[in-house]
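Two complexes follow with subunit A in common, the first pairing it with subunit B and the second with subunit C.
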Partner chain A sequence: MTPADLAWLPLAPILTPLGVGLLLLVRWRRPVQVGLALVGALAGLLFAAGLVAATSGGAVLVGSLGGWPAPFGIVMTADRLAAWMSLLAAVSGVLAVWQAAADPDPVREKHHLFALLFFLFAGVQMSFLTGDLFNLFVAFEVMLVASYALAVLGSTREQLREGFRYIVMNLVASALLVVTCGLTYGVLGTLNFAHLAQRSAELGPNTTVTAVGVLLLIVFAAKSALFPLGFWLPGTYPALPPAVGAFFAAVLTKVGIYALIRVFTTVFGQDPALPNTLLLGLGAVTMLFGAFGAVSQREWRRIFSFTVISSVGYLAFGLGIGTPEALRASVAYLAVSVLVTAALFAIAAVAERASGSRLVTVRGMIDFLPLLAACFLLCALTVAGLPPSGGFVAKYALVQAGLAQGSPLALVAVFSALLASLILLYAMLGVWRGFFWGKHLVMFPVYQVPFGLRSAAYAATALVAGLTLFAGPLLGWAEATAGELREPGRYVRGVLGDDPVVIPPPPTVPEEP
Partner chain B sequence: MTRPPTPSTGREAPAPAPLSGDPILRSTSRAVFALVLLFSFLLLWRGHNAPGGGFIAGLMTACALVLHRIAYGFSALRLDPVRLIPWGLALSFATGLVPYLLGKPFLKSDYGYITTAVTGEFEWATALLFDLGVFLLVVGASLTIAYALTEVAPQETVEGDE
Partner chain C sequence: METLFAVIIGLLAAVGVFLLLSRVIVRVVLGLTFIGYAANLAILTVAGLRDVSPPLLTLPGPYMDPLPQALILTAIVIGFATTALLLTVALRAYQVAGHDDVEAFGDSLARDPGAEDGSFADPEHQSPDRPDLEDEDASPVAAGGRP
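Right after this comes the complex of A and B.
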């Protein structure tokens, strides 16, 4: 099939959660609601997988809203990277719905937990699939409005305190994004990614465009919780209900990373020196910050929230190196990071439920949850980047790319990456010793965990294991994606067609007599 | 200290607004209410290809309703404005979805011309339905916010005031 026949496909992963979310606003009985949510999440997954299949040959799918062509109308675009991110988000979405379904929460469900989750999915999918900078802002807002509601849904004291910080931080970042959109339009006269790429390439290295790029970098750094702007994350995510927290942790920071990749490879690739230096520096600090934070914490999901920050640091590092190998490693690590975070949060949910405490200090749980211990071990190895996990493959490729690039800053960042991995390993061992290892004391009760919740953790870990087994195809896919990102001309032609864009002259106003 | 009054939805006997007894405001607001509402419907009607549209019409309608609320102390809308939000969203979404399911681009608008004896030739467009959805959504959302703000009684204390 030609890309024109599949023009409907980039919209399907966005419209499905939006429609299902609207249906979920009706007060169905719980089984109906859960069934609808599961079917909706699986349908979204199906469409995302279809996107990956359709773009695997290098096609760029473009679906326009209202039939207005790019660059005048808003288009949804799917290339390899966008389709891949959409698939990862859809997988995390299915896992989140699974956990929410297995863990009844009458109060939050009465206030539309499922519907808000689906609006969040729609916003996330739209951020990945949009082909327009302003629409990216809109997608961020759809995603954030749903996430604000989810962050404070239930109104516990902790949620309100942490949610406030989250909302303020994100509002400031969104305001800056709108301002930057305006600046971009003022400088380049368009907001369509492909058209922006074309125009900024025509302009060549230009300080104003670089300044706009750096502003965008700051916005997306705040969204993806890079070092100085990520202070809100470790407090916010543990305050959320487990299923929601798992999706937030796995996907929301990656939206910022995706935007960084999109903007600095496809769009503003002409003057990479300054953004790359910034990303390398920020990445190097962020991964150490995350690793030290993980060591310092004693609560399940706080530890894992810091590992999320650390993984964002690795991704920024990979992006900042700026070579094709590094981009390939980053794309592979992106997949590892999303799935392992989803798995870790699912494991944390089971562990918290089984021990009845958010702390990891209950010892000897391996006797009661042997399979969970095995799952945790695999995920811990993946986070720390030790063989035989998929995390090792991706981190090895990252470090190799950093060494090959060889600038002093890259070498410092490589050193910090290795150090951060070591510290993360220590943090994970701390969890292992504190929770699974040792002798269980009788004074700590062990609670029964619903099978649905446990199976979600097992399934997520199976996906992580799958990454390990299929590391070869994963790197192959990442290689193809990086190749596509290296040549933005393909994306530009896919969206705008082969002919040059002709802006029609403004209609002449007849002179008043 | 006294308990703060329980917040209401604006339908059942709320605390009277400070200006609600004002005779001048009452008599002018009746005319202004009708005019503003009429103008907002005009904006909604022409919005799909002239300045106007569901968003701005919704805001104007909300202004008219807030004015009514200030002047008379009760809402002219007989239902909870929150309920308008999902219906508006659903209407807009469904309008966009119909062409998508028929194999056209999402949100593609159909249009045509009909001639009636009264109006002469005029253009209809399905985008009007989309605008109507936006209108309902904006009225619902802005009224919800405005009513929530008008119902904060000045003597109400919050945590940390003591």
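Right after this comes the complex of A and C.
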């Protein structure tokens, strides 16, 4: 099939969760609701997999809303990177729905937990698949409004505190994004990514365009929790219910990273020096901040929230190096990071339930949860980047790319990456020693965990193990993606066609009757 | 004209940031609203302040570019929704805590999660917020330090 026949496909992963979310607003009985949610999540996964299959040949799928062609209307586009992110988000979505289904929460479900989750999925998919800067802002808002509601759903005092901080932080960032959209339109006269890329390439290196790019960098750094702007994250994610927290941690920061990749490779690629330096520096600090934070904590999901921050640092580091090899490593690490975070949060949910405590200092749980201990070990090795894990392959590629680039800042960042890995390993060992190792004390009770919750953790870990086994194909896909990102011309031609864009002249004034 | 708008935008943003730094929840919400206004005016200014016709074909040209206004309309609608949501959260916090201050959220990040009595993890560097009033009533050793 030609890309034109598949123009509906980039819309499918967005409309499916939106429709299912609307259906879930009806007060069905719980089995119906859970069944509908699972079917909806799996359908979204199917469409996302279809997108990956359709773009694997290098095609750029474009769906124009209302039949208005780019750059005049809003388009949904899917290239390799967008399809890949869409697939990762859909997988995390299935895992989140699975956990929510296995863990009944009557109060939150009465107030539309499942419907809000699906609106969140719709916003995330729209952020990945949109081809327009202002529509990206709208997608962010769809995603964020659902996430605000999920963050405070249940109104515990902790949720209100962290939710309020999360909402205020993101609203300020969104206001900055709106201003930046306006500035971009004022400078370049368009908002379509492909058209922006074309026009900024015609302009060449231009300080105003670079300034707009740096403003976008600040906005997306706040969304993806890069160092000085990531203070809201480690408090917010542990306050959420486990299933929701797993999806937040796995995907929401990666939306910011995706936007950074899209903006600084496809759109504003002509003057990369300043953004790359900033990303490299911030990434180097962020990974250390996350690693030290993980050591400092004693609660399951707080530790893992800091590992999320650390992984964002690695991704910014990879993007900041700016070579094709580094981009390849970043794309591979994105997959590793999303899946391992989903797995770790699923494991944390089981562990918290089994010990009845949010703390990791229970000791001796390996007697009761041997399979979970094995899962945790694999995920811990992946986070720390030790062989034999997919995390090792991706981090090795990152460090190699940093050494190959060889600028002083890149070398400092490589050192910081290695140090952060070591500290993360120490933090993971702390969890292992505190929770699984040692002798179990009789005074701590051990609770039965529902099978559904445990199986979600096992399934997520199986995906992480799959990344390890299929690291070759993963890096091959990442290489193809990076190659496509290095050539924005393909994306531009895919969206705008081969002919130059002609702005029609203003309409003639009709004669007064 | 642009200078006047720039000054107004700057003032609105400054007022917004000032209110955002307050400890009173409603002021924070108002500050965000001011920042939203500043953003909308900025889009209007960036798109160009020209004395031309609105984009209606019954009027003689040249016409104003309608796209920035569409952007602003979208931003206003989204800002309305998020402000409503934030006010709901503020109201809920007021109902839970009984006072309109960020203290209502009971910032207990510095508490030691391992201690039953909610004492501080690091008694020498307590959180700048006082602990919850409820907790003070409940436990005799609320001011920090292990018994």
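We adopt the following convention: the second predicted complex is superposed on the first by the 509 of 513 C-alpha atoms of A that agree within 3 Å, B and C clash if a C-alpha of one lies under 4 Å from a C-alpha of the other, contacts with A are read in each partner's own complex, and residues count from 1 in each chain.
The rule is simple: a contact is a pair of C-beta atoms (placed from the backbone, for glycine too) under 8 Å apart; a residue touches a chain by one contact, two chains touch by 3 or more.
All values reported here derive from a predicted model rather than from experimental measurement.
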item	value
Subunit B versus subunit C as contact partner of A:L18, first or second or both or neither	first
First, second, both or neither for A:V172, with subunit B first and subunit C second	second
More subunit A residues in contact [subunit B versus subunit C]	C
Touching partner for A:W8 - first (subunit B), second (subunit C), both, neither	first
Touching partner for A:L359 - first (subunit B), second (subunit C), both, neither	second
Partner chain in contact with A:L371 - subunit B first, subunit C second, else both or neither	neither
Subunit B versus subunit C as contact partner of A:G67, first or second or both or neither	first
Contacts of A:R298 with subunit B and subunit C, given as first, second, both or neither	second
Residue ranges of subunit B in contact with subunit A within the complex	86, 89-90, 93, 97, 100, 103-109
Parts of subunit C lying in touch with subunit A, wherever the complex brings them together	20, 25, 28, 32, 35-36, 38-40, 42-43, 46-48, 57-63, 67-68, 71, 74-75, 78, 81-82, 85-86, 89-90, 92-93, 96-97, 102, 104-109, 113-114, 132
Of subunit A, residues touching subunit C in the complex	134, 138, 141, 144-145, 148-149, 152, 155, 157-158, 160-161, 163-164, 167-168, 171-172, 174-176, 178-179, 181-183, 185-186, 235, 298-299, 358-359, 361, 506-507, 509-510
List of subunit A residues in touch with subunit B within their complex	7-8, 11, 15, 18-19, 22, 25, 63-67
